[in-house]
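First chain written, first letter: the chains are A, B and C, and each begins at residue 1.
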Amino acid sequence: MSGDNRNENTGKNKGLHYEEPLLWEYAQGGESGVDWPELQGLKVRTGVPEREDIGLPQLSEPEVLRHYVRMSTWNYSIDHGFFPLGSCTMKHNPRLNEKTARFPGFAYVHPLQPESSVQGALEVMYELQSWLGELTGLPGVCLTPSAGAHGELAGMMTIRRAHECRGQVEKRRVILTPDSSHGTNPATAVMCGFEVRSIPTKDTGRLTVEAFKDALYKTDPQGADIAGMMVTNPNTCGLFEREINEIAALLHDAGGYFYCDGANFNALVGKVRPADFGVDVMHVNLHKTFSTPHGGGGPGSGPICCTEELTQYMPVPVTVKDGDKYRLETMEDRPDTLGALKAFTGQFGIFVRTLTYMKSMGADGLKQVAEDAVLNANYLLSQLGEDYHVPFEGPCMHECLLTDKAQKEFDVTTLDIAKTLIERGYHPMTVYFPLVLHGTMLIEPTETESTSELDAFIATMKDIAVQARGADGHDILHAMPHSSPRRRLDEVKAARKPVLKYIEK
Amino acid sequence: MRYLPQTADARQKMLDVIGVKTIDELFCDIPKGAFIDGMADLPAHKGEIEVEREMAAMAGKNMDASSVPFFLGGGVYNHHIPASVDYIIQRSEFLTAYTPYQPEIAQGTLQAIFEYQTYIARLTGQDVANASLYDGSTACAEAALMAMRITKRKKVAIGSALNPEYRKVLETYLHNLDDREIMEGEPDNETACLIVQSPDFFGNIHKYDKYRKLCDEAGALLIVVITEVVSLGLLPVPAMADIVCGDGQSISVPMSFGGPHLGFFACKEKYIRQMPGRLCGMTEDADGRRGFVLTLSTREQHIRRDKATSNICTNQGLCALSFAAHMSLLGETGFKTLARLNHEAACKLADSLEKVKGVRVVNEAFFNEFVVELPDGTDASIVLEDLVTCGIIGGLALDEGRLLVTATELTTDNDIKIFAETLAEVLK
Amino acid sequence: MAEFKYTKDHECIYVEGDVAFVGISKHAQEALGDLVYLELPEIGKSVDAGSEIAVIESVKTAAEIYSPVNGEVVEVNEALVEDFELVSEPVNEKGWIVKVKVADTSALDALMNEAAYAEYLKEVD
């Protein structure tokens, strides 16, 4: 059935570019897209009145398919092309992972089934724990956190629990974190009841022992009020923290724990073990380093890995192996655990995808991942420095940082550059993050791009720099993009009078 | 290796361009002691055939709901997923997109989220819904935190049997904030919120008006938790709640041994600034065409940092998309019929189990799950193990010889017959 | 011509008797961009110098407005919530956000005048 809005759209479709109404704008009251067996008319035994009208649109299956397929064509994805979104690790998502996650023996298994009936699922979790423990050098692994930020919460609560079990939680209130950290870091520390102390890094893009000491001893000469630090390494400027060993040693001497935000683990996987530069606990984003799809914003998965010492405090459940049987250890088995952070066992479907990827890549392949990711980023850095300001000395790790300083004099900003990339068929890099400098552009190519793909991107970036310098550069770039499904959107309008659901006219 | 496009030759050329001799020169900032010598414990790379075989072997060791009579629920439910839903979410454009930070090239995801938010708002009778949270348990904990922010109070009351998995998560979240407290029963003037799950963990259905009154008297918020979202097609709408949250797994998301599932979260408009999670809003583009963006992001961690309403970042985007796709296939009549089919299956299950010698159905009213009492002195978990041996997943063991059993639209008359007969055998 | 004072957090203050009109400086307006939300305090709230009295938000950022002095909130500018553009009006006219009754007016002497603030902006940029 054609709806009102469909008529409004008449003439707006061009070639393969379609407009598509909201589901509620279709003519209502037609067939359902699902055929159910006949109801038997049994007496209702709920003891309450039946639900009244909900207001759900009614469409047939072909209408639903077209609705979503047309909408899908408005999205950019990693399968479209280069996706250099810094800190997000948009690498190729292998479809074998999708296939295995859909095996009925994984997809249709309930988390509360008797353990004897889910030995294969527990084996997946046990094996994944072993891989992560080996790759990070941190033997305690808890898979339950649902995403990076949830892993941070798990890690910080682990640290809090360790201090609590030693009667130090009242005393140790401060978490140190560099000003370049992900916003989730301070947000997480506060959720755990800590106070956040920021360490300035804007001069060199790195932590220095000197700045660290200032923060560490600011309110106590021994740092006895420090609970720990949250550091991303490589950091959000794409640089490895050179002085990390010394910093970690000072922190440990003061009785604090080192939480590593593992968002950038792709630079190190299979090559460097975070335990060996002093990390006590870290999360790993399976949806970044281990190739599971981002799905337009999740689901992700953020297991944590920690030292032997902290293992007793981390969340439950944890899979263990007794002889040839697998089982879950819960609060009853682990009296010092901080508790559960999520119902059931975690994002199991993501574990299956991750393990599939790990087995595909192997230890040798994962090491090559880190090397190619770093190689690709340095290749970009070496080619883009002429046209764009490079704030910190290289080499970089798996991502490189630029700013719009050189474009400022033409009144062209990072936002304009990003929107021009959209016009040229690219997803932009991460913009205006990290916050330590003005107009930052964080570019992460990942290892799944070829040299020719990188060369094409470099040529485009250079071309944009030329365009920015040229006549009317500001006006031209400021109007970008033109050819995308939508042009720049009015975010002020959206925020001033929020419309967050469909309302009938 | 099949996922890596670079060749040895290309790598060398790139190193030359960069101006270094070896790849390790690019890793020069890393302390020497941190490099791995080799990981003897981990295997080398493998092809698709081998990997698929290894994974299939592990999958084959599980007893899955598609192949046996299945009566387990308790927060995760075995429902039918239309074939089109999985097709839609496997479209590259949805599956391999990022969070829609660049709205010009993410309108597909954004419009789908907007539609999802509309579905959740309508199902729950609330004004606004967010773009999803991790799962029902974390949504419930976030709701309690939000109520504490709004009321500036520190106690959380639980009014009806809350799923124990949710309860554990709530305790963990609250424990890590200083002097927060969980209490049972009625709220008082220090209580931030009253949490009511309906149907509750034991399948009992609660009327909301009495809880609303208690909350109004105490100045507390009413949080309604829904673990079985299909129930909203038959039971009254929790419109009088301040926050409705729970898990949407029942619509479109496979059980998948506990995740990923779909935390949903809806509330009254006046609390919108205190809401956790992402929100998608309607606006216009530079040419005046309707479009969608993530909005009110100043509540969020990447801007507010230590003052954010929550630390949540990645959520369950693809599960929200599949939820919306499944709901759009169902429509008003399909969704309500689905709810009735669940209820009818549960009624038939109750009637059959009631006839098993020594078994009694405890609930007077229920939606699609209820508690049965087994004969005195029976250990419910041993009964379940015996049922597994007979190829049946029989429900969830509770204390005192009770079982929580569930039926859905996938439960056949024959499944119920086999279950009742086998249970009678096992109990002998 | 009205005389304005400034804080290091870019509040702009106008004093009339023992009442301080608190708004934000031109510099802060430019840095924030279009405003989308304003959270005002309750009238009668007692505030300390440096404590948060309002939150102002644009699309990309949120900024706290701090009280420059000890005192009590005596009035809030509800008109701003309807029309955010008003914030660019002079603080002594329609551009104020909160009016604070000042407990000790000598505390105002510590604030920067127009010239000192202009110097300060050069320093921090």
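Worth pointing out:
In this text, a residue touches a chain if its C-beta (ideal position, glycine included) is under 8 Å from a C-beta of that chain, and two chains touch if they have at least 3 such contacts.
All values reported here derive from a predicted model rather than from experimental measurement.
Touch-path distance (fewest steps) from subunit A to subunit C is 1.
Taking the mean of each chain's C-alpha atoms, the chain whose centre lies closest to the overall C-alpha mean is A. Two chain pairs, A-B and B-C, are compared here, and A-B has more C-beta pairs in contact (counted per touch definition above).
Per-chain CA centroids place subunit A at a distance of 37 Å from subunit C.
In whole angstrom, the spacing between the mean C-alpha positions of subunit A and subunit B is 19. Work out the mean CA point of subunit B and of subunit C, and you get 45 Å between them.
Shared interface positions of subunit B, i.e. residues touching 2 or more other chains, are given as 298, 303-304, 307.
Annotation for subunit A: residues touching 2 or more other chains are 491, 495.
For subunit C, residues touching at least two other chains, in rising order: 36-37, 57-60.
Of all residues in subunit C, those touching subunit A in their complex are 34, 36-37, 57-60, 84. The touching residues of subunit B, counted against subunit C in their complex, run 273, 297-298, 303-304, 307. Within the complex formed with subunit C, the subunit A residues making contact are 432, 491-492, 495-496.
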